[in-house]
Every structure is written in structure tokens, then in C-alpha cells.
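Shown below is the structure under consideration.
The chains carry the letters A, B, C and D, assigned in the order they are written, with residues numbered from 1 in each.
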Amino acid sequence: MLSFASDYVEGAHPAILQRFIETNLVKQAGYGSDEYTASAREKIKAACGCPHADVWFLTGGTQANQVVIDSLLHSYEGVVAAVTGHIAAHEAGAIEFTGHKVLTIPQYAGKMTAADLKAYLVTYHADESAEHMVRPGAVYISHPTEYGTLYTKAELVAIRAVCDEYEIPLFLDGARLGYGLAAPDTDVTLHDLCDLCDVFYIGGTKVGALCGEAVVFSRRKAPKHFLSIIKQHGALVAKGRLLGIQFDTLFTDDLYMTISRHAIRMAQLMRSIFREKGYEFFMETTTNQIFITLTDERKAELEKGCVLSFWEKPDPHHTVVRFATSWATTEEDIRALEAIL
Amino acid sequence: MLSFASDYVEGAHPAILQRFIETNLVKQAGYGSDEYTASAREKIKAACGCPHADVWFLTGGTQANQVVIDSLLHSYEGVVAAVTGHIAAHEAGAIEFTGHKVLTIPQYAGKMTAADLKAYLVTYHADESAEHMVRPGAVYISHPTEYGTLYTKAELVAIRAVCDEYEIPLFLDGARLGYGLAAPDTDVTLHDLCDLCDVFYIGGTKVGALCGEAVVFSRRKAPKHFLSIIKQHGALVAKGRLLGIQFDTLFTDDLYMTISRHAIRMAQLMRSIFREKGYEFFMETTTNQIFITLTDERKAELEKGCVLSFWEKPDPHHTVVRFATSWATTEEDIRALEAIL
Amino acid sequence: MLSFASDYVEGAHPAILQRFIETNLVKQAGYGSDEYTASAREKIKAACGCPHADVWFLTGGTQANQVVIDSLLHSYEGVVAAVTGHIAAHEAGAIEFTGHKVLTIPQYAGKMTAADLKAYLVTYHADESAEHMVRPGAVYISHPTEYGTLYTKAELVAIRAVCDEYEIPLFLDGARLGYGLAAPDTDVTLHDLCDLCDVFYIGGTKVGALCGEAVVFSRRKAPKHFLSIIKQHGALVAKGRLLGIQFDTLFTDDLYMTISRHAIRMAQLMRSIFREKGYEFFMETTTNQIFITLTDERKAELEKGCVLSFWEKPDPHHTVVRFATSWATTEEDIRALEAIL
Amino acid sequence: MLSFASDYVEGAHPAILQRFIETNLVKQAGYGSDEYTASAREKIKAACGCPHADVWFLTGGTQANQVVIDSLLHSYEGVVAAVTGHIAAHEAGAIEFTGHKVLTIPQYAGKMTAADLKAYLVTYHADESAEHMVRPGAVYISHPTEYGTLYTKAELVAIRAVCDEYEIPLFLDGARLGYGLAAPDTDVTLHDLCDLCDVFYIGGTKVGALCGEAVVFSRRKAPKHFLSIIKQHGALVAKGRLLGIQFDTLFTDDLYMTISRHAIRMAQLMRSIFREKGYEFFMETTTNQIFITLTDERKAELEKGCVLSFWEKPDPHHTVVRFATSWATTEEDIRALEAIL
């Protein structure tokens, strides 16, 4: 059956599987000290134009958010996020599990504004009870956001300025970063992210890998003993090659961006079909995720031919569903969807 | 260069990579609700002879230990382990990270005894200050142990009896379980483990997989909302097929045991060579790990031809090193080692 | 100088100090097994009309909230609170420190509504991603609230009904409970709280004690090994008599309610003076806390004669300040305040 | 009935209760910003001869250990302690609750040696797997120890030297510090502790207070935002005067040392009686705790006239019990004990 339920319904880009096979018998040291990991690090630093960056590999997005945020914060600090931020809403409390509060501010199409962030920090620091409250110790944003939207460079620059003023690090969750960088209307590049974030991650799981996220500390080194921190969180894989090979492949010959651009083209095609057919867009997006509001009857009918992904229920009679494209989406898939829309 | 540094120096068994390729474009739901995971669950339950078992997949050993133990214990409880237990010594405090103390008792060749366990529990419960101490809430054993040794069935039965008496669950870390089950002298079967443990895991990372451990709750269901618990620990992978496919393959046509037996045969060959050449065994083992005590001069020389794995330093002039075999070890490798011994 | 900054600006009710002196040399066992603690337990159970209640003593409000909530929740659960709830806003992340998220819903004059609570739970349970979110495992309300307001009995009954429907416990923070029970317009009694809450605490620190809160599990026993849980949180005092004597005194001859009623009478007097003089009430309250909005000029002037307690800044030119009465407030104090208003 | 069960069987030194009464109606700010706390801070700094010290007050010993150690360590670090250290054995896992492992080394009469500490650190840092282990980030000692024994100045200097070499802080648990400083044979002064420890606490609960420990950061300031850290641990009392008044009194006119010396004199008297009567000392001590090994028959008989404190069971037929003196112990008490011995 057709499925655009998410960008993780298929396996890995074939080039990755091919590399697994080619390298399979080469003996390598464990825990990320293998040569594929070393090579992947170099290629990512090159792609970032950031030779001094400190790159680490983790298995998944929630894990990356948990490990990085916990490592950035003092015990008494929390992380500021938009109320729709993945860490605030959909990670089963993984941040609180490590003892830190997620401090939420308003969202607009999934994004926070520098003004709201500043207002939050001003209010906190002006409060005579500040020491009785959770100190904001880092800022979390996602790009693309949970709603598939994107920050402009100007918006990121403004958020960065607030972070600079309050001397707190900016962390960007790039679980779907490729699709953000490849979006037709974006003015944000990977180089910009290195300049503007203290740390961010380049999502692999949702952009062609079987699993894996590349954490890039671009304005500061990772905290000391970061390997111990990873291990302590249960996040260190013995066969580090699993992550190293995947990212080494994704960052060879621009594969990461090539497949991201493909997914965006497929999403644009799908978007134009939805628009033509008069479907209601829940959110305007330019990345690989499309959110459509369906009546529950229409939803039931569509589900006969296509796996749908529940997003939210705006009212008792409608459902927002997500359609996502990926490296593996074909024009045939989309035409098949068109046929049943 | 030669390397027997560990059983995770190579990639995955080729059959796994082949399955990745064959299934790559089949669209599947995420987070472990894919059909490969479902199939792997069934095959493992069949191999265990335990149709009511509750099987879950995690990425690595430390993660499995952390998630399972945290889910078994009340907040005020600790887990009893031999002082050499992996959770006590080599997991960077991953258990304490979740708030639980590792309560250590003596080890003999890496194993605890039922008598020591009982003595510990008797003493705890007789202590008038027991409520001021950490309550022992579960027992952790590893099989094979960190020293490659094995419990006999009688030893496990005796430990189980103590657990029954004190009504605490028994958890077995089977990071290298295949090599334990395939050892020539063992009388412990997978069925026995289902009967004797409340929960155990079947190690994949060190037995042919790229990553992955299959957690089997055999005498009780997993705690309620175990998926949330996994997610909260940052341990849930989006593409659950990554783990499902690997274990489905390993438990098809007895592959898991076939490759375990191969590794054991290779270890026996290596062991006979070390014995012949007069090397000093630090520990007598029958599994895939061999521990040899070398003078530091001998070590330096051997390292010219073979990657060695540091184990411990018994004195300033000697080092214990580990030699491990795996599914990928060939007789040629071992003969090459023989040539430089 | 005058100070109505809070209800904890003075020491303890003199009867408590007298009891300290009288009992000082009587030898008692530690950790809450003394006879004063036993007696205080019985008197509180009697006052509650709840002979099967399980009563424990802790040192302060944040501690009580932390220990009780952590003991009620499973590791993967959070606690639902109004966004202005003390645990959400002013406890430095003490709940998150124990691994639990505070799940916030709207507040109206510091209170949550049963309707919002129900809506939150309905939405959570209807969400197909519920297992990826933090499970609501308990409900927290404060009475009086952080704004000095009170729930009506009907409101509590409605909240209780929602808790029953979803089988989650209701916990009431009674840091200022005496002032709530003594308020002129309340229809909520201590007996009602025993019926309606699973657990609540009777605040001592702010109602006549030097320190101490009496935690009453009225519809269920405290979790097993609650003493260990208290100790593990660093909250067990060696000289349990410190808490036992204070609560035994407060619950002898109705002292707790007598002093609470006194504070309420003083607050009513103060309220009438503010009203007469045309001050702007930030919030209508009937308990011992009065919130007044001042221009910053007026505030500066008043501060020459009276210590003020900052509450919040509604805009750049005004400040909300709190005036609180207590057992120790005298009519002379209030007349002195009147003179400078 | 007679009781020497502990040094916390009575209330507070009468001078403290008197001060409570005298200051009771003086209005003071909360959370430790009262003038009694400020005064106590100054007096303690003077007594320590350490004008730059940073002094904080907490309620109890386990709490002080938990808050201080958690504030000293990075998330991935543990604290080294003798295996009999209070934090290792009798605090219900309060350290692990905050995510940190207690790393134990051997004890000799309750003390660690600098040599063992050094050996532990040498081994850790030489281990090629160190990053997979818990990093030792602080050293914990108690003085007097849990067995009432004392370090000599030379022993402390040696431990300090190891801490300096490895750049880790030394924390001293002084729950019974007064009795250590007043012991006849000690060469360790309060000034020495300021020089030798990074942080230590002066026990109040067991030395004349109703509750309270004074934490002295003598070689470094408390970690930033220490008030928030205290609050986050549920350890901040609203009426800070409770602790301030007690320590201000204890450090006026040398009261702390005066009552400590009294308790020591009483212990010496008791010790001479035990010796005369031929009782078996489990441990030689010179502080206020005496450990006697009794046959179970003798124990049963003694319990008819005196409350005994169980310590441990060296074998099935003997019990070690503790006799402790305090500020409140009288010669009459001891003669009464003598009569039944």
C-alpha cells in the first residue's frame, strides 16, 4: 500500500547499504574510534566550512536532544523552547528525565521569535524570585520545525543576538535538516548554522540513513568527557562504524543534499496536486512535510488506499494528517496518490 | 593488520546486510511497529520455547541494562551485581544516572554465588537500619560474564531460588549470550534462561549484528508503557526495522547459534595454540574470549603484528589482554596469529 | 520596620516554643519514631476525621511537593498543574529534578478547572502519539492557590470526578491550608479534603511553625517504604521531634485553626483599609494574602516605612506587591500600615 | 528509661531555645537572608579563621551530603568514599538519587588512607577504558567517622596532597565535628579543616541543635546559584532563621566547643566504666561514640534498663551496640548506666 506516513518508512539510501557490504570485513576499533567515523567527521567539517568543529554521532533524534541538552546545562538550568518543540511535546519527557525543565514560549507555525525569547529572559532576570525559578541555560530550536516550517536567516540572527546578550548557547535540532537546507525559499545554509548555533545536529535517520544523527559543536568544543556522557546516557554504540559509514556515505559527493533536493521536488509536486484538488493546507510549508486537514469521512476513504499519519485533531470532525516525502519517494508514488485524492 | 581486539571489530553477518537490501523499499511503520520486528519477536519466542514472552529491541548493551533495570526497580531500590559486573564497573555510571545504586557482592571468575547473594539479602533484611539503606530490588548477572566464564544450570537454579525467596526479579545480561549457549561445556539452554530469569537479553551487537539487543521478558510482561520508558531514555529508534530485520535474520534457520558455534570453534583453536606455546591464561574460559597475561615486552612485540585489547594491569610489568573471536574469524586469521606468537 | 512581606517573617507560635522547652530533655528515638510524632499523627487523623489516614512530616513545602509527587508517579509520568502552580513556576525545577515533567493547563485566578483538566486528559488519551508524550499520572492543586484564592467544594468535587474517571491521584498543596479553611467564604473543610484528595499536606511553616508540613495520605496509604523515599530525597530529619512537637502543639486545642482565623481577621481589616484608601487589588482574595498593584513611585514611597514583597511586574511602571498576615500580626501593625498608606 | 542510643535523643541546647524566644517576633526576610543567618555566617568564618569562606545552612546530614556532592560533581563523575562512609552505606541511595556513583575504597576503622585513594586514582587514570568508567570527581571523608574514629592531621594532609595532585575537591562530613575537635588526642583544628578541605560541614543536629548543618566552602566559593541548587533539592527552608539562630547561638561564646568538650568528658567517663567492667570494645574511639560488643543474652538484659542502639551483627550470637553522649548527658545518667552494667 501507498504510504507517505513519514520520512522513515523505508530503509537506507542504497549507497549506504553498498558501503556496509564493501567495508564489512575491515577490522575497526569500537566506540567511534574507527576510521569511517574519523572520515565522516572530516567530511562534515568540510561541508560545514568549519574546520575546528567537534563532530559526534548518536543514534536518534530524541537521544541527540537529550544528551546534548543535558551536557550543555548546569543541573539547575532548563532549556527554552517553543511550546511545540519536539523536546517539549513528543519525547516522553526525555529532557526532564535528565533533571531539566523545558521552559516554553509561544510558537508561530512552530517557530519561536527572538522577541519572545528576549521577553522571557528579561522577565526572568528582572524577577526578584529568579533564584527560586529554573534558570534558562540554553535555547532549543528545530529547523525545519515540527510543522515543517523554516526560520529565515534574519530570524536566526536575531535569536543568536539574544543568546549572545544572555550568554546562553543555541542548540538547533536538525532531525530533518537536509530538507530545510534544500527548501526552495530558504536563505539559510549549513555554513550559517555553524556560525549561528553553538551546537546543532544533522539528521540522518529521516534523511537517508537507517539511524544516526551527526552532532556538530561549531562555536565551542563538546563538553569535556563527552564520550563518558554519551555512555552514561546509554547512547554509545560499540560498532561505531554503524554511524560512521552512514555519515561518511551521506557526505560523499554531496549525497545528503542530493537526496534532500529530490525529496523536496517530490514534495513540491505533491503540494501542487493537493492545491489543484482543493485540499485544505493546515500549515504552509516548503519542506518535505505537508499537513492537510481532512474531514473524518475523507480520511477514512483515503486510508483505504494510503497509510496516513495522524497529526492532530483540530475539532471533533476533522483530522490533520501528514504526508512526507523522502529520498525514496518516486513520481510514480505521487501519481498513485493523485489517483485516489 | 590482525585484530582479535573484540567481537565487534567487523560489521554484520552478510545475511543481515542482504536482508537490508531485499527489504529496503518496503514501507513500514516506525518505532518498532514494523512487520520485521513483529516477525523477529515471534521467532525469538519460538527459539525460547516461551510463547507468552514479551520481546523488545534496543540498540546496545549499556542501554539495555539501563532501561531494563530502571524499569524493574522502584525509585528507592538498587540492583545487586557481582563487583565485576558490567553495570558496576564499565558503563560510566549509566545505572546511577537513572537514580539507582549498584549493590556489589563478591565475584569468583566474574560470577556471583547464590550463597553470597543470600547472605547479602539476609544481612540487609536483618539490619535494623534497613530503611536507611538501599533496598535490593533486582539481581543482575551476566552470562557469559565479563571474564568470559559461564554459570552452570545448578548455579542459576540456586540464584533463582534466592530471588524467589526474596521476591526480586533476576535479570541476565546476555551481551554475548550466543557464545555462552554454544560453549562446549555448558548445560544452560535458552529455554532454561526463560524459566530461570524474569528478563534477559540476547545480545546482537557482539554476535553478528551491527547493533541491537533483544530483551526477553519471560516470566513477567514488560512494565506497563515500556515504549514510553524506552523513549524517555532516548532509546527508541524511529526505523525499528533496523533492529527487527537484524534479529529476524539472526533467528532464521538457526543463524544465531550457527555463527556462535563457529566463533567458539575458532576460540578453541586459538586457545590450543596459546596453550601449546606456553602462554599464561589469566582466566580459564570456554567462550569466545581468551584472556592472556603478557609481559610488557612481549605485548609490545605482539602489537607490531596484531591489535591487542587491554584488559587490566595485574602488576606494573604485566598486562592482561583479550583475544576474541566472532562470526567473522577465519582459520587463516588464527594461523596468522600463530605465526607471530 | 513594618513588614507584611510574607507569613514567614516571624518565628513560631509561642506555644510551640514552650513545648520545645518542656520536652527538651525527654529522650526520644530518632527519625520520626518519637512519641510526639506519634501523638501528632493521631491528633491530625482526629482533626481530619480520617482514622485510617497515613500521616508523615516533612520540613518544607517544596520538599513535600517533591517527595510526594515523585512517590506517586511512575518514572514516565508527569503531574498536571495550573500554569501558575508553585511546582510549575517557583520551585527551581524540584519536580523535574526527580525526572518528572510538570504538565501545565490554564489558570484562572490561580485555579485550574475540572473542564480544562478533563480536556487535557481527553486530548492526551486520544492522541495516537500518546506513548511518545508524558503520561499524566497525578494532579496537583494548591489551596489556597499561589494567588490566595480558594477552590469551592463543587470545584474540588468536579476535579475529583475527573481524577476518578482517569484513575489518577489528586494531590493538594496546603502550604497555607489553615488560611484557606478559615476564610470567611469557603465551604471546604478538612474532612472534605480527606474525602476528595488522595494526599494533601497541612502547611506548618506558614501557619505558626518554624518549619514543617504534615503530609496526609487519606484515600490510600503512603507508597511502600516511604521512609526510605524520604531519606533518599535528603528529607529525613534525625530529630523527628522537631516536627512532631510542632504539629502536636498546633493540633492541640484547635490552635492551628485559632491562629488561622486570627490571621484572616487581620487580613480582612487590612483589606478594608486598602479598599477605603482606593488601592487597586490585583486579585480578589479572602485568605491571608492581599495583592495590590502599585505605581513604582507609590511603591518607592511605601518602602520607606514597610518591607514590601515583590510579586510581579504587570507593566514597566507598576508592580504587584503582596501583603500577608499571620498568627503574629497585630491590629497595631495594621494601624501602623494604615498610617502610611 | 536511660538512653544513650544516639546523640540526637534530646532536643536542643537550652541557649538555642532561649534565643528562639527572644527573637521570635523580630520580622525577618526568608530563605536565609535574615540577619541571624548573616550573623551566624560571620561567627563561623571567625571561628574558622577563614574570612573568605562561603557559609550555607542546611537541615540535616544526608541532605548536606547530597546537595554538596551533587553541586561539586559533573554529571559523569562520582565521589570516592571509604566503603563504610555514610553516603555509601546509610543514606538510602541519596547520592545515586542525584545521578552519581559512590566509588568505594577500603576502610580501616572507618577511615580511608591516602595510599588507597592514590592507588584508586592511579588505576583509574591508567585504565585504557577510563572513559567507560565513572570518573572520580571528589573525595568524601567523615570526621569523626561512622565508627567514631578520627583522622590525624598528617593523614588529612596526605589525602589533601592526593586531591591536589588529581585536582579534585575534598569534602568532609562533619556531622559530629564538635566531638572530633574536642577529642583528647586529636591534632586537627577547625583552622586545619579550612586549609585542608575544599568544603566541609559543621554538624549541628548531633551537636546541640534541633536540626541544621553549616556548610563551609573554605578553599573555593560555593558553586554559582547555590541557592537555586538548594531549592531544587527541596532543601531550602522558608524561615531561614530556624538555622541561622541555632548556629548563631552555637558560635557565640564558644558554645559549640564547650558542649562538645562536655560530651567528650562524659564519654571518657563511660569508657572507663566499660573498661573497668571488662566489656569488649568493638572499636577504639576517643569521641562521643562507644561501640561495645555484647552477647545477645547480655544485650537482652541490658535492654531492660537502657535503650540500646543496634550497630551491626558480627556473628549470630553477638551484637555491636552504640553508646553515645551529647551536650545533655549528665554524670548521673552515666552512674545509672554503671549500676546496671
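FYI, a contact is a pair of C-beta atoms (placed from the backbone, for glycine too) under 8 Å apart; a residue touches a chain by one contact, two chains touch by 3 or more.
Fair warning: this is a prediction, and the values are worked out from it, not measured in the lab.
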item: Chain located farthest away, centre of subunit A as origin (C-alpha); value: D
item: Copies subunit C and subunit D - rotation angle from C-alpha fit, nearest 5 degrees; value: 180
item: Averaged-CA centre spacing for the pair subunit B and subunit A, given as whole angstrom; value: 33
item: Subunit A and subunit D, separation of their C-alpha mean positions in angstrom; value: 50
item: Mean-CA-position distance for subunit C and subunit A (Å); value: 42
item: Per-residue multi-chain contacts in subunit A, two or more chains; value: 75-76, 91-93, 97, 99, 131-132, 228, 231-232
item: Of subunit C, residues touching subunit B in the complex; value: 31, 70-71, 74-76, 99, 131-132, 135, 224-225, 227-229, 231-232
item: Subunit B-facing residues of subunit D, complex; value: 75-76, 78, 89-93, 96-102, 123, 126-129, 131-134, 310, 312-313
item: Contacting residues of subunit B [partner subunit A, same complex]; value: 1-3, 5-6, 8-12, 14, 17, 20-21, 23-30, 59-63, 65-67, 91-94, 97, 205-206, 210-211, 228, 231-239, 241-242, 307, 328
